[in-house]
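Listed below are the structures to be examined.
Below are two complexes that have subunit A in common, paired first with subunit B and then with subunit C.
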Partner chain A sequence: MKIQYQQHTKDISQYSELSLIQRSDKTDVAFVAYGLFVLSLVFISYLLGLFGWLPFDPDDMDMDLMMALPGASGHILGTDFLGRDILTRLILGIQAYFLPGLLAIVVALGLGTFMGVLSGYRGGKAEAVITYINNVMDSLPRLVLILLVVAAFKPDIYIIMLVVGLTNAPAVASLVKDKITFLKQKNFLEASVALGLSTRTIIVKHILWYNCRTLLIIQATLGMAEAILIETSLSYLGFGVQEPIPSWGNMIQAGANYMMRGDFWPSTAPALAILFTVLGFHLLGDGLNNILEGKRRK
Partner chain B sequence: MKASAIKPITLVLARELTTTISLLLGVSVIAFLIILASPGDPFAQLFGGFSGTESERLALYESLGIPTTWYGQYFSWLGNVVQGDLGTSIRSGQPVLGEVASAGVNTLYLTVGALIVTLAIATPIAIYTAIRENSRLTLTYNLFAYMISAIPVFWLGYLGIYLSTHLFGFFPLGLGSSDTGNVAKFLLPIFILGLGSGLISEVVRHMREQVSRVMNEEYIRTARAKGAVVWKHAFKEGFLIPVTEIMAIKMPFIIGGAIIIEQVFNWPGMGRMAWQAAQDRDFPVILGITLAAAVLVRLSSLVHKLVFVSVNPRASHL
Partner chain C sequence: MSTTPLIKIEDLHTFFYSKAKQAFIRAVDGISMEVPRGKTLGIVGESGSGKSITMMSVLGLINAGPGVIRGKVTYDNGTINKNLLDGLERFVDVHEESGTVMHVEKDLAGWQKHSEELMKDIRGNEISIIFQNPKAAFNPFTVIGDQIAEMVMLHTDIKDPQAAKEKAIYWLERVKMDTPEVRYHNYPGALSGGMAQRAMVAMALASEPSLLIADEPTTGLDATIQAKVLELLAELKEELGITIMIISHDIGVISALSDYVAVMYGGTVLEYGKAEDVLSTKYDNKHPYAKALLASIPSLENIEKSGGRLQAIDGEVLDTIKVVECCKFSARCNRITDAVKDKCHNNQPPLQDIGGGHKIRCWLYQ
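Presenting the complex of A and B:
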């Protein structure tokens, strides 16, 4: 027992001299690095698409060069079934989910934080109401709710992502609430009340900024991964972006028609894009969670 | 009868049923309000090219016995729903309840089968990585679980169709085809959904936490010291509870995946029906499916609570 104790104290003294990256698990650091790489790639591609700096015209058909594999005559990722450059269309496809995804994240985090603070800090009836709303939202499969909204409004992707954000808000709220319930047992909150700090300062600075920001960042990355999956699923189902405007979902759907005769690439390229992007956001979220929240004292 | 004389399980059942009903009411209000807020009168679909003044329209409502306030319409709709009348499909003219029920059974096959596949893949990974914590294989398994969860399930579906056709020589027609003899054809969509629904990494993570927690409990150490079969003791808390918990929490998610897989494989379930209804703005059908999906989710949650209490009776007093 004694040896273990000494080992433990040594570890902690070691930790204090190490930077956050050095004392973290190497795997988590690699996960976060890959996630940040994907994040910057998505952001740069979004800007490229926004300003129109693309390698080819996305609608330019080359009938002599259909189903080309990567590398064929300047097409880095090949061409699709109409001879259109796949890389260009992948870059443009980010337009379909980037801003709508951000909207979903902002709504979920903003509303969720508000509800979480309301139920966690005040407690009482607000807590009961928010738990109830959370449970109601959990009872509704997301995609069924979205199809219901589609049936009612025939909305564009921004409205759908607004719905996604609204439905995610209760989950964020319950995370924030749990965190605040945990923080309320700590002395520093009691001290800040005793020192006469205003409730606003306590909530915004000492609870949200110092203690909830990592949690919110992690939720944002996971929210982006979810937004991508929902957008691509909807485009696949035909309720999202319509051809010829590219989206990763409708690219897979259109390319899949040619898969049966062995032309995998036009539908596999966007599938891989989804795979590596969603993987990046998941690994970023989990890596950050382990580094900043979870395993710090292991 | 004193409260202590009632079996805890009865109390829990009563409590959970009350929760379930109140949550389903919440779902019904939300679903109804969304439909009510939709542009254009829902009845406009039914009345077709009716043109008249507002008062004539209201008179028409009254002659048809339709309440004119939103809460009146909600309660009359709810009253019908409780009696099992979900209305008539605008598209097919058939009662919604029967259509949703027959499609729901097909979706149930798909979701339950997919859950079994997911568990069959995730459980060995979770248990292996929980017991041998520092194994190098842990990272490989983790990465596998992450990657398989990030693959878009519809692409995986097409890949599965291609492979089954070209390598194994059959085309997966799905349910509802005339050729119902070959079971393998029905297994492909189930397998694809279980593999690609994105659940595997979450099941692995949750189960690994639970298994490694349980394996460090003192009663497991005691069992080991006695030379008893450790798995017999760890089974309830380390397997049964995490499995039902995941099933309950992730039911909405897997229904979402089922909607997409039904589209890929032409599986005549609720998802395809919901897709069709969303195309046609068939409000009674989409409302019925929303309620049916919510009922499925609440039922799986109920099963989880009952298993949890029967394994751990102390929880019934919470």
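Presenting the complex of A and C:
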């Protein structure tokens, strides 16, 4: 039988769907744009810090110009209580978050996905054991757990982020598991088996790639924000990144001593940096969620 | 073309162990049937009679923890000839004590691995399946065309994505979808029930199988769409020479398509034979259950015969946990005569050939 489907090819353009951005809510697009802006700033800062392209030497103390406000003699964001350039230290502070944060994300997503697939797809004993682990993890206050680990080893940011990743994994696992449970009642997984797809293809392509990728991307953006917040909390307690290596957390903590004297700027600058960065990651996750998931709802 | 049947089911038992009742639920209890090449076998029966479990057993989809399968399913297409249940009983240990099943031990991982091994070149490649709820059988988050193209690339010689896409569009055209190029880019949720069923048929056929199993293919579709889907299946069967096993509780659906019909009840086959024998309303040599089923079809003739009311079958479907020695239908049968009464209530009748391959499991015809 001769098939004449060429005749339709012209029509496709008429039916072609609007692009993702055109169909989305303008607020969501703005959120994502801001989030991407923050993400790129973080990445650029990481590169600048990595190659040492900094406006000032981060450890260079200017005793004549301590706790200067922004704009004072070339210091765009002013100086801290030892007369060190705040902008330089903010840029360098990203070093404390970027790779360790990625480690936390990779551990959380990798382990969480694995556990989620195991408990959702296999079920049975695996599910029971993983649910149990999740419950135990949930009942432990995370900060206390991290402090325990820090006390047992040393206040190394990579070890801290490893713990953050491990404690985040159960949340990711339950998200992936819920997704698989949802898909299972649609019985397309059974259909895939019946039509001869291998288990690997079903899990990697049909479950993770088609159905969980948005969820995982969003979890990754939130993971970065999480990493920054955890480090800040720990630094405030004195267990985070240690001086003289700058991190946003220990900058706030060091500057806070001078707050009462009216020198608010040295701790406010890193606090604002944290505010806008964490906000950026959260808005990115939120906007992506609405744009990518909303598209499917239509 | 050889004359051996494409698929031959011999003495298939599929049990599920119920821990609470310490007994087996005998979902399929010793059925035998065969599907000749290029023909269609219809399996009809009430809900709970074991139709779908039969299909799932054939495809090796019984993985549920305590599922136990015994019997033989021979698949023979000339090049592949094997028993699809070969050696599965090795993985199950049943501990029985004075008639009660105390404990069933199953090596699930081993079972699954062995089953995968047996089914490797069968599932999709040789046997395809159409599900009851076509929309749910597609991955909801990707377009149907890509899913059909995936089947093409997995099961046929076409490995080039562009060629596979064209082939997928060809199949969509073949199942009479309007504007197949546009439909290719539709998500499953965007299709109506009838269209989703057509797309499902396209996906099942994309792997060019020898046997197509249709599990309640028209349930949930409205009557006109039902007729169209059946028409489509009949046409494809004619054109592609494909063998079909169709499962339905609707005797009308079965009669539209089948060459052979098996009537199932309580996990056993009560009547088996050519469609014209089993479904004919003229002859009286029929199992009481099959007769009652035919009488309950809402047709003008049936209504007139029974005085303006549609005839129903009294009673309920048999509890499949009990091991019964009597005829499984005896509790609901309205044709028990004094001559056979004792036998009906005490012995299970054998499946007796009453001539021309028409088999009936009833003491009235022994």
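The rule we apply is simple: the second predicted complex is superposed on the first by the 271 of 298 C-alpha atoms of A that agree within 3 Å, B and C clash if a C-alpha of one lies under 4 Å from a C-alpha of the other, contacts with A are read in each partner's own complex, and residues count from 1 in each chain.
We adopt the following convention: a residue touches a chain if its C-beta (ideal position, glycine included) is under 8 Å from a C-beta of that chain, and two chains touch if they have at least 3 such contacts.
What you see is a predicted model, and the numbers here were worked out from it, not measured in a lab.
Comparing subunit C and subunit B on the residues of subunit A they touch gives the larger count to B.
In the overlay built on the shared chain, the residue A:Phe98 is in contact with neither subunit B nor subunit C.
In the superposition on chain A, contact is made by A:Leu148 with subunit B only, not with subunit C.
Of the two partner chains placed by superposition, only subunit B is touched by A:Ser139; subunit C is not.
In the superposed model, A:Val193 makes contact with subunit C only, not with subunit B. Once the two complexes are laid over each other on the shared chain, residue contacts for A:Tyr46 go to neither subunit B nor subunit C. In the superposition on chain A, A:Phe239 contacts subunit B only, with no contact to subunit C. Once the two complexes are laid over each other on the shared chain, residue contacts for A:Tyr121 go to neither subunit B nor subunit C. Across the two superposed structures, the residue set of subunit A contacted by subunit B and also by subunit C is empty. Interface residues of subunit B facing subunit A in the complex, by the touch rule stated above, are 19, 22-24, 26-27, 30-31, 34-35, 37-39, 139, 146-147, 149-152, 154-155, 158-159, 161-162, 165, 198, 201, 249, 251-253, 255-256, 259-260, 263, 271, 274-275, 277-278, 280-283, 286-287, 289-290, 293-294, 297-298, 301. Contact residues of subunit C toward subunit A in the complex are 59, 61, 65, 108, 116, 119, 122-125, 128-129, 131, 133, 136-142, 150-151, 154-155, 166, 169-170, 173-174, 179-182, 185, 187, 203-204, 207, 239. Only residues 1, 3, 5, 8-9, 11-12, 15, 17, 124, 183, 185-188, 190-197, 199, 206, 210-211, 296 of subunit A touch subunit C when the two sit together in their complex. Within the complex formed with subunit B, the subunit A residues making contact are 27, 132-133, 135-136, 138-145, 147-154, 225, 229, 232-233, 236-237, 239, 249, 252-253, 256, 259-260, 264, 267-268, 271, 274-276, 278-279, 282-283.
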